[in-house]
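The chains carry the letters A, B, C, D, E and F, assigned in the order they are written, with residues numbered from 1 in each.
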Amino acid sequence: MNNISKLKAGDSVDTFYLIKRSQQGVTSQGKPYMTLFLQDRTGDIEAKLWTVSKEDMEVLKPETLIKVKGDIIDYRNKKQMKIATFRLATEEDGLNPKDFVEKAPIDENTLYESIMDYVIKIENGSLQRIVRQMLKKYGKEFLSYPAAMSNHHDFVSGLAYHVHYMLRTAEALCDIYPSLNRSLLYSSIILHDIGKVKELSGPVGTTYTTEGNLIGHIVIASEEISKVTAELNIEGEEVLLLKHMILSHHGKLEYGSPKQPMLKEAEILHFIDNIDARMMMMDKHIDKAEKGQFTERIFPLESRFFYRPEHLE
Amino acid sequence: MNNISKLKAGDSVDTFYLIKRSQQGVTSQGKPYMTLFLQDRTGDIEAKLWTVSKEDMEVLKPETLIKVKGDIIDYRNKKQMKIATFRLATEEDGLNPKDFVEKAPIDENTLYESIMDYVIKIENGSLQRIVRQMLKKYGKEFLSYPAAMSNHHDFVSGLAYHVHYMLRTAEALCDIYPSLNRSLLYSSIILHDIGKVKELSGPVGTTYTTEGNLIGHIVIASEEISKVTAELNIEGEEVLLLKHMILSHHGKLEYGSPKQPMLKEAEILHFIDNIDARMMMMDKHIDKAEKGQFTERIFPLESRFFYRPEHLE
Amino acid sequence: MNNISKLKAGDSVDTFYLIKRSQQGVTSQGKPYMTLFLQDRTGDIEAKLWTVSKEDMEVLKPETLIKVKGDIIDYRNKKQMKIATFRLATEEDGLNPKDFVEKAPIDENTLYESIMDYVIKIENGSLQRIVRQMLKKYGKEFLSYPAAMSNHHDFVSGLAYHVHYMLRTAEALCDIYPSLNRSLLYSSIILHDIGKVKELSGPVGTTYTTEGNLIGHIVIASEEISKVTAELNIEGEEVLLLKHMILSHHGKLEYGSPKQPMLKEAEILHFIDNIDARMMMMDKHIDKAEKGQFTERIFPLESRFFYRPEHLE
Amino acid sequence: MNNISKLKAGDSVDTFYLIKRSQQGVTSQGKPYMTLFLQDRTGDIEAKLWTVSKEDMEVLKPETLIKVKGDIIDYRNKKQMKIATFRLATEEDGLNPKDFVEKAPIDENTLYESIMDYVIKIENGSLQRIVRQMLKKYGKEFLSYPAAMSNHHDFVSGLAYHVHYMLRTAEALCDIYPSLNRSLLYSSIILHDIGKVKELSGPVGTTYTTEGNLIGHIVIASEEISKVTAELNIEGEEVLLLKHMILSHHGKLEYGSPKQPMLKEAEILHFIDNIDARMMMMDKHIDKAEKGQFTERIFPLESRFFYRPEHLE
Amino acid sequence: MNNISKLKAGDSVDTFYLIKRSQQGVTSQGKPYMTLFLQDRTGDIEAKLWTVSKEDMEVLKPETLIKVKGDIIDYRNKKQMKIATFRLATEEDGLNPKDFVEKAPIDENTLYESIMDYVIKIENGSLQRIVRQMLKKYGKEFLSYPAAMSNHHDFVSGLAYHVHYMLRTAEALCDIYPSLNRSLLYSSIILHDIGKVKELSGPVGTTYTTEGNLIGHIVIASEEISKVTAELNIEGEEVLLLKHMILSHHGKLEYGSPKQPMLKEAEILHFIDNIDARMMMMDKHIDKAEKGQFTERIFPLESRFFYRPEHLE
Amino acid sequence: MNNISKLKAGDSVDTFYLIKRSQQGVTSQGKPYMTLFLQDRTGDIEAKLWTVSKEDMEVLKPETLIKVKGDIIDYRNKKQMKIATFRLATEEDGLNPKDFVEKAPIDENTLYESIMDYVIKIENGSLQRIVRQMLKKYGKEFLSYPAAMSNHHDFVSGLAYHVHYMLRTAEALCDIYPSLNRSLLYSSIILHDIGKVKELSGPVGTTYTTEGNLIGHIVIASEEISKVTAELNIEGEEVLLLKHMILSHHGKLEYGSPKQPMLKEAEILHFIDNIDARMMMMDKHIDKAEKGQFTERIFPLESRFFYRPEHLE
């Protein structure tokens, strides 16, 4: 109980939360106060601590666990928490910050096994070896990182969860359209966003790294593949094809791909990526709407709003 | 042998072909000649008849079968046939014009059965009844019409062939993403392009009808659904949803949809439609390219060219 | 006096207003308050009630008439009303909510007669019968609905007022350019926005209906014409032309028309519609500006600002 | 008879025409020939003279009248004339080149009187004086120049004919929308394209001048108004307003206006200009189409094709 | 000390500032307060005076010098000044408002001499005479005006400072690419923005004039050149070329140039203008960022953010 | 004499040329012929050989030197050569194909020395070492390759010639704007297009390689820098910065850069690249125009045409 996603105006809380971000402020009367963004694994909420000591300011840092007493109010149509008192969590509380962040609905191990099942199906030897070596080098991050900063799959293990779903769609499409090369499609799906493990800072409190901003995950991934093929002494057309798949997977130049898809499988990779990201976003927003009502406008879905049918199950 | 798709400069022919289009011309020296576009089920070719009588002009009409002697030359990088002599096909030749047009690789009956297997899986009773009634009214045209004038599925039964493939992908996606409503998605796939049976003139020698130009298949289909629901006394939210699926299936206003997708299933319908059309176009052009070479620029694929890998099977 | 459009910071009020919308809030100190949007026929204003009982919250609903004592203040460059006390209007006050909403400057009956004068001038019998039947079915709503949710003609009888002005311009253009077909142009002007009577919820407190969002007034109107022609057993080219006029009247695909204008009269309909909407918006904003000054940026006029000349009358 | 617009393949001619343009060529066999574009007041046609002497080449210059014997053929779906023999027109033939170019359907004098009737209605004294002085300086060219190089009103007196129609529409709109300032609208319509008299080379054989290319008729007109107001010692806001009307009359920056319309009258001027140009283009192309058929795609009308109704008069 | 650009939350001030703008407000409790934007030559800051008399309201007008006691607080991530007390500056304080506005880093006289050195290098006599006459007429404003309202060079003498830098780049490019005409490039750089002296209201408290809004500095400058050439009896191609340089210097129609560059020098003028404006904006924002960090998104630089390297000097 | 750029209709030739491309054709009468594109170092021309033997077809291959007798004719406003007879060049003719292709106006050695002078000025040690190593690996191709397939610098040594000019402009801008980092700008200019040595097939008969099409010179160059820094054990921020400079040098995503410029130097690199490419294109086309005339529309310069002044030197 007291899950953040369930809180509503009028509720009182006396619960542990993790500090996601914190900001100091001064009221118009000149008194200091603090704004904390508190989270648990169901969501996050803005909280205000109106009376604050110098010492408070020092300990209320991001990724700190605190126990909070307070009330939920409605401020400009958004929920806000007014903190009455708080204390830092101690070792005796026996809590782990990792239990306070959102995670993929499937656990890491299951995702890993599912993905490895597809690795086995990569019949082209060079491509399978490249994928295995990449997962050997970056598997840990691959399994814990989110797939994006926001919008979709922005949670722990979001990247692997996204890949897992994409592989399932790819398998179906290869069955329906046998002219698609399964090895090329599976290997590029597994590696398409692996550059994110260098573009993003980590699974929690995620920000862009300097390398992420200046180079970007698309070029990072392409270079990592080059390094791995050099390490493994792999040569041949499939290396070029795999790199093209990665480079073109945003589908259009204006979306940051330096090349448009020029392979059938590259075109399809872009569609599979898009379908999974959009299903995730649509489900997330439509689930929040009432039946027979529309969602808010969703910015990454071209600012459209979506309808949740009333009678259709 | 002598299939049009296989002809090359230097070949001679002595074969039956169907006239697709014909034009009269006059050379700069003032002499009449005729340009014929001849076809068989593998493709079409431009042919010139440099010496032509008044009588010839009258009989060389579209959809006429003729037996032609002539040679294939290379004119400005395109193959052209120079007709030496010709005669009209007679009843004794025992030929049917229908055997000289391109057809879907799967025959009508098989397509019909495949599609009916999906109709059964439409669990929503109203939607299933609407689909059955529409197929009852327009089933014959639905099974013989192309899906488009050009670019993709522009052959006899192209529409049903397109629907057949889309249904298979839809089934796979509903398995992977169970939040999708199967009834809504299947019924809208079957009906999404059914307005083409009024937009286009027919399966052979296809042109746009006046109604097709002025109203368009999207609005035509939406209205036909309204008529059928009136006939069947069906009311309820699903009628609105089904019509929205049809109206929004081009995905964007600038592609001719009067509404953008506002249903999860509408968004996915647009993707499935796109994937099948693009697979068809990519396969068609890539098959024509040599291994290790690029295709020509393909206009409906954003004028990109595609690569046919050399070593990848 | 005390018309909302005339209020300025520093004024006190003791007047009846209609509640247009209401929202509950909680101050950062945790106390409840209410925001009301009050209107009379000259405009609307945001009002704050800082001290509020449970009972107050229940009675302060949209479309309720209240008598308010309060002061006008300037809050972030916008006028706001601070409500001191209020009471509900009673039967003895003898007031009608309909007198507190904005209306077209010409009354319904006059608009109806003016439009019927043009109906008589539709010489094409089929078109005149279609228009008469449509007005018979939807005339009541046609005369009271606004032409839009916001921007222009967003008041009671706005739709008929808009049509009335468009007909006058159409008549002038048909005199100047005799090649225009008067029957087609008049009938399509009268019906061009009639789908709004289903797209919008009503003349007061107007919102979009679900059908409005999912289908849209353009397709709704086209289908209604089809129904009427079926009812009247009317066939012929003019039905197709009339429907094309409706479908294309937004002028471009990206504005929501599924077809671009392909008739001379369709092109001109789009211009006449645009001129009347823009005159309305320009007059509304320019009238509010001081002489020799510019208006604010007007979003639906491509975010331009307009100049009100100083000396020109 | 033998009017160019009426010629069809198979016709023979023995008639006088005016040379509009001429080009020399050499056949692939190395023999010289000439291409002439011949015109009369109904249109123009490409003509070939396959045998040509040095002397012929010297006399067959633009704006020369010749009598031609020849035949009309169909070359790549366009009519072409094959010249057998020709001779230069002589004084005895009593012909005037001016009778061989297309002209406005209303003669110069009538147009002048019609426009002067509107000048009188310009109640603002400064604006009327500016218009009179501009017409005094450039009236002759104003009455003979085309309104454009191609597309619409590209004939002798096209500019005045265009202005004449625009004034009639303006008058109607000022009656319907009395908030429009009649003086400003009439004066700016008369002067909006007067810069064309310097942008274009003349009424016949029209090309762009260097000044036209580098400065453009919009800025040229604005400067001419400044000169005239200096000559007449006119000052005041209306000069600024009139210049803004001219500068903004293309409606958008990307159409070459350095300012978007910021006056109500400027917005309306742009619409009136557009309506008249589009009516001219639509009529021209639709008149050429068969009833029940579509025109070719018309480039300046967003490459749309238009429908000519079958039964509607 | 107490320079506005150096102030940070927690500081106290007791210093003279210039009022840039002032606004009256009323708190939600109905009490009046004032918002002042105070400036010195290093920047500006928002200040609040929470207790305010009628008399205060009358004297706290823009361009007034006041001595302020107060504190700096952090309000929503921006610095704000809370004014405790203030007094008006008196003559005895011996202060000049001109010393409280931002100025170019090079003084007027030096800028003037630098620019005159380039005037001498204009070898084409007509162009040099035009430039000299323009500077004679508008030199005073030219030396004090900003180059823009905001974004770049928005300070006293910004226009001349901008021209000074552009001339230096032009000189370098003429050395590297000798086919560029030095006379044309120098003269057009000096005059390219001279219309700003009429488009903008002045060097301090700068706003757009009505003429600026309705005509714009591009057309204003072109007309002024025409006037000067008339005064000096200068004729010839170079006048046309110079005017074209001015008219096209925004590079594209959609940026407000009525003509795109059609001269080599016009194309280069646009690039030089762009480079100087962008260097100014990049330096300004990057200087404010920490080393190893990114700037905020900069709107006029396509909303990009920029990186300030950590180790590179 | 007989330089291709100087040939005009009516000329006869009896000269050596290099075959650039060749095509076989068949006339409408069924006879074979050949189209050759012949070049010397001043340009190229289309040539027709109307009578052709089987043997001729085998020897007339690209990069073959032949001696041609023939005439120049004017065919559809373009010059064409009609070949009467030809013979292959023999060893005795003592000719080298390399003397028949266009080259940079400055020879390789001079370009190399000029560029090395700038390498020395790269004060940052890491950047200088990277540049030296890259030139060591790819210097030979760097000095002989063109900078592009067409449009600009499409000749032998075009790449080095382009870099040479860019470095000169960069030096001037670093003098004028001292906040620019000279080491970063010089090193990235030298390397910005070095990926072209793998993207393009070579200095003569240049086509895109498969790697060029699928990966592109931008990503190729970035990876090569990574390899070189690994070889040299160079680490540090400057490697990231240099790679960002390469990746962003096309300036916008839609021009194929996977990142927009985020460094001041990256923004300026894009401008310098643009200026040099545009100067080259403008000079090439304007030189071909007559004085006082306009060029044709130039596609890569936004399809504008340019004016060549009449009197300005």
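We take it that a contact is a pair of C-beta atoms (placed from the backbone, for glycine too) under 8 Å apart; a residue touches a chain by one contact, two chains touch by 3 or more.
Predicted model only: the values in this text are computed from it and were never measured.
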Chains contacting each of chain A and chain B, listed by label: C, F
Labels of chains that are neighbours to chain A and to chain F: B, E
Reference interface A-B: repeating pair among A-F, A-C or E-F with over half of contacts shared: E-F
Proportion of interface numbers common to chain C and chain E (over half same, under half different): different
Chain centre separation (chain B, chain C; CA means) in Å: 45
Chain C and chain F: spacing of chain centres that average the CA atoms, whole Å: 61
Shared-contact residues (touching 2 or more other chains) in chain F: 210, 213-214, 241, 244, 262, 294, 307
Touching pairs - complete list by chain label: A-B, A-C, A-E, A-F, B-C, B-D, B-F, C-D, C-E, D-E, D-F, E-F
In the complex with chain E, residue positions of chain C that touch it: 9, 48, 50, 71, 73-77, 82, 292, 294, 307
Complex contact set, residues of chain A against chain E: 23-26, 28, 30, 210, 213-214
Interface residues, chain C side, partner chain D - complex: 124, 165, 168-169, 172-173, 175-177, 179, 181, 183-184, 236-238, 241, 260-264, 267-268, 271, 274-275, 278-279, 282-283, 286, 294, 301-302, 304-307, 309-313
Chain C-touching residues of chain B, taken from the complex the two chains share: 210-211, 213-216, 218-219, 222-223, 226-227, 240-241, 243-244, 247, 253-259, 262
